[in-house]
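In the two assemblies presented below, subunit A is common to both, partnered first by subunit B and then by subunit C.
What follows is the complex of A and B.
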C-alpha cells in the first residue's frame, strides 16, 4: 500500500505560522493545542547568524507507535494509509502521546481525549488539499503519495532525518523534507520569536 | 456551558438541528470565547458542501490585501479559507491570506468585543475626575444616552469655545472611516493632525526634490516580472517577510531563484534575508544617511569611466541637478554641490567609509563592497522600505537614495530601479491594473485649517499652542505660524488608535487627562478606548453590507456581509447620522443616498486595464435585473465579469504572464494606463534635485530643525550619538541602547494584539543581542525594564545573534498596560520610549529612540497569552 504524507520545503519557509493558524481554525482549537506547529531555530554567531523554521504536523508514519500502543484502538491506520483517531473510542489515557516521537497527538482537557492532525481526510476525500498546504504563503507544503512526491522532487536531497527530529527508523514517518543546509547542523537553539 | 455539553452528548441530534440549537443557546455569548468543544463536535466532517462561503473583508492596515472567505452554516462562521478561485502559479498567484487574516474569526467573534455603549463611572460634563481616565470603572449606557452625551458635549464646547476646541484624531482620507470627519465638517469643522506615519520622510521630500511619484501607489520601482531581471537586489531597511507578507516574500523568492543576489542593510538579520540567503550588512538604526554617504564617496573616488565605470555620468547630466559644481543651478553657490560635500572639499571632512563606519556600524569594506555592487553596468534594484525614513532628521534620506540610484543610472530601464518597495507595492511597482469606483459622495472640506504634526500633537494639547505648518496630507507646506490652541474634546472616530500609535505616549495620556471629553468608536478596549470617557461599540467589516478592498496592483477584492452586527454594535456611519440629527444637521448632507447605493456606485465605477495595456474599461457587467434586485439607481453596462459572479468569487485578478502588456519600468516613458495616479505626478527626468533650494527653504521655514539643500549628515535627535555621554572618547551615557521597532506578524500595527491564537504563536519578546544581554545579566525569559528619556516599559527578553550589538528590537504595536503606581508600562508599547519630538518636515521618527536596559527587579511578566482579556460586560 502506498503511504501518504507531507512534503515540506524548508528552504521556502519563513516561519510565519499561517499553516499553524489555518490548522487551528479548521480544527477549532483552543490555545495550547496545535496540530501543526512551527518552530524557529538559530545557529551561528553575530555577524553570521543563520536560521531555519520547521513546520510539523502528524507524519502519518508507516510504523505508527501511537497505533501500536493504543489500548482501545482509537488510534488506527485508515484505508488510505494515514493514521487516524476515533474520538469515540478514545479514553484519554495518553499512551499515544508517550509513544509518538513527534508530539503529534495532544491532550485536549475539555474533551478529556486526545486529538491530532488527521491530514484533513474529509477535505481530501472531497478533492481538496489539507488546509495547511493551500494556506502556505510560500508554497512550502505539499501532500500526496510519498513515492510520487519523492519522484516529483528528485534531486532535492530529501530527508526525514534532522537533528531536531527523532531518528526516522523508529516510526518510519511519511515525511519528505527539503532541508536548508544549516538544518543538518547540530548546534541549534530554538527561539520563540 | 458544561451542562449544555452534557445534554448535547446525551441527545441523538442531527448535525443541522444541533447547530441550530447551539446558535440559539449561545447567541449572547461569543462562540469562540467560551471554549471550542461545542463547535468542534459540530463541525466534524464539514466539507463545505453545506453552508455558504462568503467573501469576508480583510480590512487591515497590514500593507497588503488577500482573499479571505468565511464558511457560514446556519448563521455561524465555522471556519475560513483563502484564495482557491484559480490554479496557483508564479505568474498568476493565488492571493493567500496570512495568519492574521485567518484569525479574523477569532477577532470578530472574540469574547472581548465591546458589546454596549459605555461611559466611565467618574466622568461628568467638564471632565469629572480626569485622572481616572484609563483606570476607571465602566458603566453600561443606552445608545440614546451615549449619543446624547456626545452631541451635547460637541454642541456645548463648539458654542462656548469654538470649533477649534474639537480635536479629531481621524486619519482623514484613509480607508473609508471618515464618517465622523464628514460630520464634524458640517458643524463648523475641527482641528486635525497629519504626520509622516508609515512613509517617514518619503511623505514630503519627494515632492520637494522633483516630480518624483508618491511612493504609494508604488510608481518608483519596476513590476515583479521585470525585477526577475535584476542581478543585485539591495534591501535598505526592508523585511517583507514580516512587513509586507501579502505576495512580496513569494516574489523575492522567485527573483532569488531567477538569479538575483540580495544584500540586506538592516540592524536585524531578518527573515527575508534568510529566505533568499541574502548577505547582511549590519547597520545601526537612523544611520543610513551616513552609510550611503560613505557609499557615495567610494563610488566617486573609485570611478573611472574607462577602466572602472561606476558612475553613469550621462544619466546624471541628463536627469539631475546639483551633483557637482558644473551642474548646480545658476542662482546657487556652486560650492554647495553634493560631490564636494562628499569629498570634504570645503568642510574638511571626507565622508570616507571609515568616517561612515564609526557612525553606522557597517565595516568600511562592506561599504566599499556595496559601492561596487552599485556600478552602472550591474543590473541593480536599489530598494528601500520606509523604516529608514521613519527617523528623526532623516529628511534628506529619500533624496540621498535617489541620488545613489541616479549615480549608478539605475532608473528607467529593465533590470534597474531605485526607490520605495513597501506595502502592497513591495517588489511589484506600477499603476493599478484594476480599480474600484467611487461611492459618489461629494468630497468634504474642513472649514478649520488647523493641522498639528503627529509627532507633537500631544505637547500641542498640553502646552496650549503649536506651530502650524500646513498639512502633510497633500500639503500645503508652510512656514511656521505659532497658534494658540485650547482643545476641549478629543473625538476618536474610527480608523486609528493614535494614543498608542503616535510619538510620546506618556504625553498623550497627560493630554487625554487634560481635556474635558474624550469619545471613541471601538471594537475592543484598545488604548484610545481605555482612556476615553464614552466608548461607542462599532461593527467590524464582517458585519457591514460589503465593499471593495485593494492591495497589490493586480487585484481587487469585493467583500460581502458575513454576519449581522454583534450585540449593540453599530456602523460608524449610523453613529454619524444619529449625531447629525441631534446636532441639527440633515443626515442627507452626510449621505445623500444609502449604503447600498454607495456600494453600487463603486461597483459600477470599477475599471480594469484594457488588454493592450493602454487604457481602462468598465470591470463589471450590470443588468437591469441586478439594478432592480439591488433597488438602486443605475444604468446597465457591459464589463468583464458579471456582478453576481464577482460577488461570489470575491476577487478580480488581472491574469499576468511574462512579456504581457502590463509591465512597468519606473521613470521610463509614462504608461498610458494610470488609473488612480495623475499624469503630472510622473517623474520628469530633468528634475531629480540632488540640490534643491526650495527643499531646504521649505523645511527650514517649518522651524522644527534645519537641513541643507543637498543630502548631508545631520546628527539625529535620540540617535546613535545620543547614546554616548562622551562621543570623542566613546563613553556610553545614561541611555546606551538604540531601539528599533520591527513590524511583527502577530499584529497589523496595533490590531490583533488581543487575539489568543496570535499571542500564542508570536509572543512579542524583546530582541537583544546575546552578548549585550549577558553583559547585563539578562537571560532569555527574564523580564527586562527599558527606560528612555520619555518613559518606561517591560518586555520579556529573547537573546539572539541576529541583532547588531547596541540595538534592541521592540516589536511594534504591543498594547500598553500601565501600572499607575510606578508609571511603568507592562505591555511593551513602543511609544512609551519614543518621544514627542518633531524634526524637519515634522517626522514621526519611531526608529530613533534610545534607552537603558536592565533586568527588572519587580514582578516578572506573564506571557501575553495568559493575561486576562479586556472583557467589560
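What follows is the complex of A and C.
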C-alpha cells in the first residue's frame, strides 16, 4: 500500500495562515480547535535574527501511534493509506492525543469526541486537493502519494526530521519538508503571532 | 487539571487489587480466616474506580466499544481487565454474605482476582509508557503503579481486617509496605535524572515538577512516614490479650493514601506530550 501525505515548502511559507483558516472554515471549528496550525519560530540575536514558519497537520503516518493506541478502532488506516477517524466508534477517551507526537487529534468538547485532519477525503474523492493546499497563496503545500511527491521534488533537500518535530522513527510520518536552513538549528523559540 | 477521574480510577483500582492480593495471601497464611470488611472495601473501591473511568470519557455510553480492541490496544486491554476485576471483586465480597463457610470458593476468587489485578496493573502502566509523554515513559511508571498497589493494598487490608489479625504476626504486611515504598522512592531518582537528558517535553515536565516542590516533598514525607508508622505496630511481637494499636494503622493508612494521591496528581500534572503542538 502506498502512503499519501503533505509536501511543505518551508522556504516559500510566509506564515500568513491562510491554510489554517481555510481548514478551520471548512471544518467549522470552534476557537482553540485546529486540524492545521501554523507556528512561527525565531532564532538568533541582532544583527543575525531569523525566522521560519511551520504549517502542521496530521501526517498520515505509516506507523500511526494514534491507531495503535485507539481502544475502539475509531482511528484506522484507510485503503488509500491515510489515517482516518470514525466518529461513530470514538468514545472521547483522548488517548490518541497522548499518543500522537504531532498533536494532530483534537478533542472537540461539544461533540465529546476527537477530530482530526482527514486530508479532505471527500474533496480528494472528487479529484480535488485538500482545502489547505489550494488555499495556500505561496503554493507551499502539496498533497499526493508520498513517493510521487518525492520524485517530483527530486533534487530538493527533503526531510521530516527537524528539531521542532518528534523524531520520525517513532511513527514514520508521510511528510516531506523542504526546510529553511535555520530550521535545522536547535536554539529556536516559538513566537506568539 | 482535567484528569481527576483518571486519578480516582487508578488509585481506587490499584488499592482494590492490593487489598484482594493481601486477602488472598492472608487466606493462605492464616487458614480458615475470612476477611469480610476487606472484601467489601475492595469491591466498593473497584466499582468506584470503574465508574470514575467512565467520567473521563466524552461518550461514556459508548464505553463498550473498547471490547473490540482487547489485546490490540493497551487501553482497551486495561479497560476490559479492570472491568472483569471489578466483577470478581464484587463476587468475592458477595460470597462472604451468600456462602460464608465456603473457604475454597473464597480462596479461588481472591486468587483469580489477584492474578487478574496484577495483569491489569501491568496493562495500566503500559497505557502510559507507550504514549508520547516522556515523563511517563520508562520503568518508573511500572514501579510506581505496583508500589501503590502493594503499599495501599497491604495497609488497606490491615486497617480493614484488624479484628481478625489480633492474634497473628503482621510482619509480612509491614515489611511489604516498607519495601514497596522504598523501591518506589529509589526508582524516582534515575527517572528524574534521565528526564533531564530527554527533549523539550521532558524539560517542561521537570519545570512543572520544580514549581510543585512543596507537593513533591509532602508526597514523600507522607508515603515514607506512613510506611514507617505502619511498620511499628505491624512488626510488634504478638502477645496474647494485648490490644492492637488500631489508631497507628489508621494514621499510617491515611498518610500513605494521601501521599500516593498527591503522587498520582503530580503524575498527571506533569503531562506534556512530545509535539510541536496543534493545541
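What we mean here is this: the second predicted complex is superposed on the first by the 193 of 193 C-alpha atoms of A that agree within 3 Å, B and C clash if a C-alpha of one lies under 4 Å from a C-alpha of the other, contacts with A are read in each partner's own complex, and residues count from 1 in each chain.
Rule of thumb we're sticking to: a contact is a pair of C-beta atoms (placed from the backbone, for glycine too) under 8 Å apart; a residue touches a chain by one contact, two chains touch by 3 or more.
Values in this document were obtained by computation on a predicted structure and should not be read as measured data.
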{"item": "Fit-or-clash call for subunit B and subunit C when the two complexes are aligned on subunit A", "value": "fit"}
{"item": "Which superposed partner A:90 touches (first subunit B, second subunit C, both, neither)", "value": "second"}
{"item": "A:166 touches, of subunit B and subunit C: first, second, both or neither?", "value": "second"}
{"item": "Partner chain in contact with A:111 - subunit B first, subunit C second, else both or neither", "value": "both"}
{"item": "First, second, both or neither for A:68, with subunit B first and subunit C second", "value": "second"}
{"item": "Touching partner for A:25 - first (subunit B), second (subunit C), both, neither", "value": "first"}
{"item": "First (subunit B), second (subunit C), both or neither touched by A:102", "value": "second"}
{"item": "Which of subunit B and subunit C A:6 touches, first, second, both or neither", "value": "neither"}
{"item": "Partner chain(s) touched by A:56 [first = subunit B, second = subunit C, both, neither]", "value": "second"}
{"item": "Lowest inter-chain C-alpha distance for subunit C and subunit B in the superposed arrangement, angstrom", "value": "11"}
{"item": "Shared contact residues on subunit A - subunit B and subunit C", "value": "32, 34, 111"}
{"item": "In the complex with subunit A, residue positions of subunit B that touch it", "value": "35-37, 39-40, 43, 45-49, 78-82, 84, 88, 96-99, 102-103, 105, 241, 245, 249-250, 253, 269, 271-272, 274-275, 280, 282, 745, 756-763, 765, 769-771, 798, 800-805, 865"}
{"item": "Complex contact set, residues of subunit C against subunit A", "value": "56-60, 62-63, 65-66, 68-69, 73-76, 79, 127, 130-133, 271, 273-279"}
{"item": "Residue ranges of subunit A touching subunit B (in the complex, touch as defined)", "value": "12, 14-18, 20-22, 24-32, 34, 38, 42, 44-47, 49-52, 108, 110-111, 122-123, 125-126, 128, 131, 134-139, 191-193"}
{"item": "Footprint of subunit C on subunit A - complex, ascending", "value": "32, 34-37, 39, 54, 56-57, 65, 68-74, 89-95, 97-104, 106-107, 109, 111-114, 164-166, 170"}
